[in-house]
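Two complexes follow with subunit A in common, the first pairing it with subunit B and the second with subunit C.
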Partner chain A sequence: MTAALVVDILLGLILVGLAAQVAIGKHLFRAIVFYVAFGLAMALIWARLGAPDLALADAAIGAGLTGALMMVAFRRLVEIDPKQSQAQPRATRGSALAVVIAVLAAAMVATIGLTALSLERQPGEAGLQVLATLPETGLRNPITGVLLAFRGFDTLIEMVVLLTAFVGSRVITTRTRLSVTTISGFELPLVRTLVAVILPLAVLIGMHLLWIGSDQPGGAFQAGSVLAGSGVLLLLTGTLLPASRSRALVRLALVAGVAALCLLVLAPLLQGDAPMAYLGRGSLLFAETAMMVSIAVTLTLLFAGSPSLQAGRS
Partner chain B sequence: MTSTVFVLVAAAIFGLGVHGLLVSAHIMRKLLALNLMLSALFLLLIVVPATLDGRPDPVPQALVLTGIVIAVSTTAFALALMVRLFGKQGHATILPDIDASLLGRRHDSHDNRHNNRHNNRHDSRRNSRRSPETDGEQGP
Partner chain C sequence: MIDLVALIVLLVGCFFMFAGTVGMLRLPDVYCRLHAMTKADNLGLLLICMSLALLDGHLRTALLLLLIWLLALLASTVSAHLIARHSRARLPPTGKGPVDYDSAESRQ
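For the complex of A and B:
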């Protein structure tokens, strides 16, 4: 048994243990915290598997922002009914049938996966073509290549889904809370210093991820979620506050990603090319910047639960 | 061997997710369970295809990256729905007997439901918004 295999098994056990805590742990809030830990363990496994792009995305979005959204939703439940926090829902009802179904589902996934592994695995045709065609695009990160140069329509629809989710959330949210999410003690010098140190670093990391995304692991999604993380931090410390009146600038930021990708679809038509034909690195960076802004603003606003933001105490 | 280990891990997480989805009453726990199942499928998508130049195939990687963003979008929307539901009915749970009662008596006023013994618990939940001493959130 090699050392690498031991590491794999340990990582796998950690992930399964954390997943068990999420799925069948008693307290809802505990389950949410364990879900964040699960996301981080998942990021470690992506790194182990040689997929640093996914590691970055899962650490920032899967663990960080999904966890933050879950926690703030839990907080809103507690605000509506304070009982919620004490009467920790004993969420699971024992059911032998559910155990049987779960075991069968796991067996099904294991069978599919192991059968696929036992076959002689051919390299994916699409993946080979991506790697072969990538030098023509001038990019060096094949994942950015797939996302924007080869399968740009997928990315366009993805941004539409994000925008739709935001609009949907706005439509069904009746009351916008304009404060309350701030942590207590944000006036402390320590907290303000922390923000003053972390925020520039986060912005720098976000910009760096965007800039190197064409050649190295990184890109608009990772950059946008890092920036959204700093937005969440600003909301928690009261530097930014939710606002009830939407502003033109915020709306522009929300649709920037979709608009930029639509331009990317339409622009080649002027030259007589096919829609979404590849236009070079400059156009790609333009689209990625717009996507980063959209992702950052949309996720921050989803956390704030408001249509807009305003400056708070500085 | 690495692939085999992580296929088994994905299967275990998927099973845990299915179990959580089936047995938990609280909507947020169902969402957590769904997210677990998603993670398991992402893992499977990356581990199973053959590697190219020693790294996972870029096409499924891009798919999973897209999937992660879509997952957070839909989760955020579902959470907003849940908060709205909670504000409206006083609990954020899905229980089998609720669905049964809604089927035949969708337009009934809340008061009529006191007669239905299946609904007594939910009435106490609904009332718990007004009378906080009632335990608002307890599984059967």
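For the complex of A and C:
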């Protein structure tokens, strides 16, 4: 047993332990904190599995932004119903049936797992084809190749899902006046300094991730979530404030990703090609930039719980 | 030789990280815990970064690790300050032993 294997097994156990804490934790706030830790452990595991793209996305979205969204949701929940802060939501009473179901489910998972392990490993045909065709696209990061060149339709649907999620949240929150998102102490010079240092760096990292996405781990999702992270920071420190009136520019940013991908689907028709024919690296950079803007704006607005943003104190 | 130095620095760094974590879990109130976390962990992270830079041996990596440490330092400083400020507004330190968080919560 090598040291690397020990680390991997430990990481796996930590992940399962954290997942259990999220699921059966008595206190809602504790469960959120454990969920963030779960996202970080997941990111570490993706990195160990050699999937830096997923590790980046999981660290930024899974741990960072989802955590922030859940925290702000918790805070608003407590404002509506103060009992929730001490609530113990689930009365976990063990029933005999639950034990039977759990044992059967575990047996099924174990059987599938053991069968999968005992089979001879087959090379993934689709993956091999992607790697073989990748040089034709001019990209060097196979993940970006799959996301935009080979399976661009899936990515279009993903962006539609994000847009739908935002519209859904607007439908729910449109009649409620949500509390402001600023933290106490945001006016301190120390916090101002943090923003002044972190913000340019975050924008730089976001642009870097977008730019290198074609050749190295990175891309629109990672870049967008890093930018959304700085959006959350700006909201927390009161530099940006939620605005109740929707603005055309913001709406444009929200649909930019879907629109750009639709354009990429339809544009080849003008040249007489099949829809979704590959148009080259430039078109992908265009689509990724639009997606990055959409992802960043959507996630920031989800955190703000408002249709638009306005400038706060300077 | 460099490997040996890096190993020793790494172990010392791990010791400080461990001490900080034990402090956070075992110390009685929020102020003591912050004290343990902010000091021990930042030093531990610096030592671990130094050891990784030594192992890699490239200036670029060393500078990137330094940047990571400085960012972590900035973030932990500001967040610790905010936590301490928030706690002081709700449960000011009494100067007579640790603040009893639970009983203060239940009094409210």
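The rule is short, and it goes like this: the second predicted complex is superposed on the first by the 290 of 314 C-alpha atoms of A that agree within 3 Å, B and C clash if a C-alpha of one lies under 4 Å from a C-alpha of the other, contacts with A are read in each partner's own complex, and residues count from 1 in each chain.
The rule is simple: a residue touches a chain if its C-beta (ideal position, glycine included) is under 8 Å from a C-beta of that chain, and two chains touch if they have at least 3 such contacts.
Bear in mind that the values here come from a model prediction, so they are computed numbers and not experimental data.
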Could you tell me if A:10 is touching subunit B, subunit C, both of them or neither one (first, second, both, neither)?
-> neither
Examine A:269 and indicate which partner it touches, taking first as subunit B and second as subunit C; both and neither are also allowed.
-> neither
Could you say whether A:165 touches subunit B, subunit C, both of them, or neither, answering first, second, both or neither?
-> first
Have a look at where A:109 lands relative to subunit B and subunit C in the superposition and call it first, second, both or neither.
-> first
Which partner does A:49 reach: the first (subunit B), the second (subunit C), both, or neither?
-> first
For A:311, is the partner it touches subunit B (first), subunit C (second), both, or none of the two (neither)?
-> neither
Could you tell me if A:204 is touching subunit B, subunit C, both of them or neither one (first, second, both, neither)?
-> neither
When both partners are placed on the shared chain, which of subunit B and subunit C touches more of subunit A | B
Of subunit B, residues touching subunit A in the complex = 1-20, 22-26, 28-29, 31-33, 35-36, 39-40, 42-44, 46-66, 68-77, 79-84, 86-87, 90, 92-93, 128-129, 132, 135-140
Would you mind writing out the residues of subunit C in touch with subunit A in their complex?
-> 71, 74-75, 77-78, 81-82, 85-86, 89
Subunit B partner contacts - residues on subunit A that touch it in the complex = 4-5, 8-9, 12, 15-16, 19-20, 22-24, 28, 31-32, 35, 38, 42, 45-46, 49-51, 53-54, 57-58, 61-62, 65-66, 69-70, 73-74, 76-77, 80-84, 87-95, 98-99, 101-103, 105-107, 109-110, 112-114, 116-117, 121-124, 126-128, 130-131, 142-143, 145-147, 151, 154-155, 158, 161-162, 164-166, 168-169, 172-175, 221, 295, 299, 302, 305
Hey, which residues of subunit A end up touching subunit C in the complex?
-> 183-185, 188, 190-191, 193-194, 197-198, 201
